[in-house]
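Below you'll find a set of structures to go through.
The following pair of complexes shares a single chain, chain A, combined with chain B in the former and chain C in the latter.
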Partner chain A sequence: MAQLEFNDVTKMYGDIVAVKDISLTISDNEFFCIFGPPSCGKTTLLRLLLGLVQQDTGSVLIGGKDVTEVGPQERDLAMVFQNLALFPHMTAYENLAFPLVERKVSKADIKARIGEVAETLHITPLLKKIPAHLSGGERQRVAIGRALVRDPAAFLMDEPIAALDARLREEMRVELKRLQRELNHTLVYVTHDQEEAMSIADRMAIMEDGRIRQVGTPDEIYNHPNGRYVAELIGSPPMNFIDGAFDGASKRFSAGDFEMSIGFEGVSASGAASIGVRPEDFRVTSGGGAEIEFDANVYEVEPLGGFTIVDCNIGEKVLKVQIPGQPTFELGQAIKLGFDSKRAHLFDGPSGDVLASAA
Partner chain B sequence: MATIELKSLTKQFGQLLAVNSLDLLIPDRKFVALLGPSGCGKTTTMNMIAGIESASDGEILFDGNNVRTLPARQRGVGFVFQNYAIFTHMTVYENLAFGLRSRGMKGPEIEKKVTDMAELMRLTDRLHWPSARLSVNEMQKVAIGRSAVTEPAIFLLDEPLSNLDAAFRAFMRTELKHLQHQFQQTMVYVTHDQIEAMSLADMIAVMNLGVLQQYGTPIEVYNRPNNTFVANFMGSPSMNLLDATIGGGDGSTRIEFPGGGQFEVNDEDLLRRCKSATTGAIKFGARPEDIALEPSGHTGDGVKAKVNFVEPIGPRTIVHLAVGEEIIKVVVPKGSGFELGSDVKAVFPKGKCHIFDAETGNAIGLE
Partner chain C sequence: MYRSWTSHLWRYLLILIAVLIVAYPIVWMGTMAFKPFQEWTTVDGVHWIPEKGTVENFLFLFNGEVESLVVTLDRTIWKPLLASVVTASLGTFIAVVIGTLGSYAVSRFGVGMNLPLSVLQLRLFPPLAVMIPVMVMWAFIGAIDTWWGLSLIYAIVTLPFSFWLMKTFFDEVPVEIEEAALVEGCSRWRVFYRVTLPMVKAGLATTALFVFILNWSDYLLALLLTRKDWVTLPVYMSSLASAMGGQMYGMKAALGLIAAVPPVVFGIMIQKYLVRGLTFGALKQ
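Let's turn to the complex of A and B:
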């Protein structure tokens, strides 16, 4: 139950920047996700919180208190790693009891606490088993339980469910969210799975090369990415980009023989730019009905059951269009694609910064 | 080109029956996915087709010829693994040319094939790079291109996309499918990812514990699952499967849910089948995208529920509903607002509800 803060934190490993100029406040009782590609610095942020590494400059605060001089044991944080570090020779009960025994909690208190946590995690029937006799999901719950028994200031989790299969991951992420609500604790969660982050975070930070590119609610990040980097990383299939040039005076966008009038309000600058449209914001029209329309050809069709991804050719370019249901198309079929300008994003060519965001 | 036929194909590792009497016809020029969770036997099946693993029993026919005892290199199959196997000390060009050279092909012909493949895989500007400098994504493209360029009649791929990031996976799915449409090989693709299988394959073979569960087009497997295993495995989020009873009273034509709510069955034949197949206990299946969320007073067939959890995952939002002790997931378009704790009615879609025998899990019908 604590607010966590980074103030202008930088950490280098030799010449390599691990994290740079990080200022971030994670609120009390917040489920906060740190998302980014491999080696973007997300795990380093956790290690800085834990005190496993020391920042070069800046400060880290836990519950309002600067912890620069505080050792890892005294920081009162509980960590769950991706590789569930359970003791293989101990039962689930003994694994759960371990951190409490270490802290010299009485036997009766340990029993009561484990009983409570086991109920919350639905692992009561498993307590007498050793890890080798548990499934992956069950082991993960025990590992999480071992963090929960302690009632720490905050929980830190580093890709705790990444090694589980898809179906179990879907279940576990809901479970984790429910747990965090019930326990009312701050939870910092590192993941490289954008759907997982979107699904469970109250707020999330998107990182690139040791820096934070955007912080916001999943809804803000998805609908109003502040740059092309974030727009490309969040959403699957990813946002479509059409690279070209925008003329702020005439409000025309052109990309080779592909040209359109598109009224991005408040953008008066001209120059190299990209239009971004999410796959689900395109429509296959029968001509008319959409603000902006153009001709395309069907390149490939991916029927996914609940929805269908139609890959469409416009010249050399392939756009991904996601439509509900199970429509059928012929390969090469000529279709009309449409979208509304209020569902489009405009990004600056050189910097990738957002110039105009979807409504 | 090549038709692959597996007849009673079996693989036993000690006590473990990894593949249990598998019959499968993979037609010429088709893209077939072997799909299932880990341990289902999909990779073992592929390894037996490739000749890397010997079969314990059964037959493997390529165009009618039994190849079961033929060594791997004489079977003429191309193979791509999860871990891209390329020569890192060679350039991209040399990697792509390698298989052609070892088949005795000469200069101009190699050049044409390599540059064509590079263009198809969008590697043209990387052709003369040392492979070690490529990104993981590009290495996998080279690995696929290197196998595809020799134009094997049969192309086997074992989870080739699973180490790649999400955006690139989505891109490569399309490119692989396009590649197959161009070269018209018979492709067999092993995956545990149902989205990949759905999007790529002409036919999907769903496996579990060494046994084939269903073989059909993606849409058949998705729309008409044979049993609750397939119903649950295909689709994300998975199909909702609720406990229910059918034909409570003698003349009843209703499916009833333990927590209240009902679903009227009009198909008398289906009703008869249900009554003869089961003791009345069934599993009622409905896909998350087919269920309608209505105000709690709605009179449609369905169950009353409470909004328990809302997951916005970008293009779609998953709404979790508490129905008694069970949870139903419903998919709605992005931006639809549902408040936690609010009362709603989950209305089930006529014609798209699945009825399974509660005991065996086998499908009885669709209503």
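Let's turn to the complex of A and C:
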């Protein structure tokens, strides 16, 4: 139950930048996800919090207190490591008891506490087994249990369920979310799975190359990405981009033979730009009914049950369009695509910064 | 994979031959230990079963005399046995403790720079090459023919083995497991004692046994650094000859049998760990 804070933290490994100029506040009792591609510094952030590595500059605060001089033992954080890091020579029970034994809790209290946690995580029958005799999902529960037996300032988890198969992962993430709400503790969760991050986070941070690109609720991140990088990373299938040029005076966007009048409010600058539209914001129209319409051809159809992804050509460009249900299209069929300017994003060409975002 | 019965046959035949070659001298030693001196040497090949089995060879070693022999022993086996047990154990203990702590520091914190390699250089040349200076040094500090002098040289000579063996075992322990223990409230020492050490238990047993056998079977160092009081079993064995009786083959075999006991017993005791220790790292867990 504490607020975690990074103030201008930089950490280098030799010449390699692990994290750079990170300023981030994770509020009390928040489920906070750190999301980014592999080796972008996500894990380093956790290790900085834990005190396993020391920042080069800046400060890390736990509960408002600077912990630069505090060792990992005294930071009062609980961690679930990516490879779980269970103690292989101890039974599940001994693994769970470990943090309590180290804190000199009485035997009776340990037993009671483990009983509770084991009940919550449904691992009571497994307590006598050693990790080698547990399945992946069971081990993962034990690892989470080892973090839960204490009452730490915050929980940290580094892709704890990445090694599980897809079905189990979906179950576990719901359970984690429910668990976090019950515990009412700060939880920092690192993942490279955008769906996972979107589904469980109260707020999330998007990282790239050791820097934080955007911090916000999943809704803000999805609907108002602050740059092309974030827009590309979040969403599946990904956002469609049409590269071209925008004229701020005439409010016209042109990309080769493809031209449209689109009224992005408050954008007066002109120059190279891209329009971004999410696949579900396109509609197949029979003419009229959408603010902006253009001709396209069906290139490929991917029926996925609940919805269908239609790949459409406009010239050389392929756009992914997501339509509910299972409509039928013929390959090469000429269709009309439409979208509303309110659902479109405009990104600056060279920098990728957002110029106008969906309402 | 399907194997035909002939390939099985060849395989077992090969194993049988290997076992025979290894077992031959050991069995020979085993039977020789129980032969009376009339049967020690033969002119018509090896006699496997003693015609008149006896334990006099053993009694002679422990008592210094037996009725059937006119020769007596001026030194019984007791003191060399004690010397071997004390020096080999103590040398092993020192080498394993220092090797374990040192290799842990190097493996985890990368301290020591060239230390790992400079430890290895102790093994780069034959021990005989440095034994003359060592003898002079040992004489200077009064360590010749003492239990601690011999233990010390054993510890020094076997330190590279224990260091490098333990280092490979420590390298196998994932850092995250130690970090988890740190986060859960352990001090560095507690991490080592409660988490890391139990995890390399198998390696520790293997290393200790390996080093012990090296020390136990040493002949050269004991020959050069002891005179009389702390002569060890191998050196003692070479003295088992007399002007009157010639080479005492039966006693030597009996002594060999006795000397083989500790390594075999320890080996069986830690067999479970030994198999794991020797294959440690070969399998991903």
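In this text, the second predicted complex is superposed on the first by the 355 of 359 C-alpha atoms of A that agree within 3 Å, B and C clash if a C-alpha of one lies under 4 Å from a C-alpha of the other, contacts with A are read in each partner's own complex, and residues count from 1 in each chain.
By definition in this document, a residue touches a chain if its C-beta (ideal position, glycine included) is under 8 Å from a C-beta of that chain, and two chains touch if they have at least 3 such contacts.
Everything quoted here is computed from the prediction, not taken from an experiment.
With chain A as the common reference for superposition, the partners chain B and chain C occupy compatible, non-clashing space.
Residue contacts after overlaying the shared chain place A:108 against neither chain B nor chain C. Judged by the touch definition given at the top, the superposed model places A:16 against neither chain B nor chain C.
Of the two partner chains placed around the shared chain by superposition, chain B is the only one that A:320 touches, whereas chain C remains out of contact. Of the two partner chains placed around the shared chain by superposition, neither chain B nor chain C is touched by A:334.
In the overlay built on the shared chain, the residue A:280 is in contact with chain B alone; chain C does not reach it. In the superposed three-chain model, the partner touching more residues of chain A is B, compared with the other of chain B and chain C. After the chain A superposition, the centres of chain B and chain C are separated by 80° when viewed from the C-alpha centre of chain A, nearest 10. Touch criterion met: A:302 reaches chain B, while chain C stays clear of it. When the shared chain is aligned, chain B comes close enough to touch A:194, but chain C does not. Applying the stated contact rule after C-alpha superposition, one finds that A:249 touches neither chain B nor chain C. Nearest C-alpha atoms belonging to chain B and chain C sit 9 Å apart in the superposition, given in whole angstrom. The contact sets of chain A with chain B and with chain C never meet. For chain A in complex with chain B, the residues that touch the partner chain are 37, 165-167, 170, 174, 177-178, 192-195, 198-200, 218-219, 222, 232-238, 278-280, 299-300, 302-307, 309, 311, 318, 320, 322, 324, 326, 331.
By the touch criterion given at the top, residues 37-38, 165-167, 170, 173-174, 177-178, 181, 192-195, 198-200, 218-219, 222-223, 232-238, 287-289, 309, 311-316, 318, 320, 331, 333-334 of chain B touch chain A in their complex. Partner chain A is touched in their complex by these residues of chain C: 174, 176-177, 179-187, 190, 195, 198-199, 201, 285. For chain A in complex with chain C, the touching residues are 50, 52, 71-73, 75, 77-79, 81-83, 85-89, 98-99, 102-103, 132, 146, 150.
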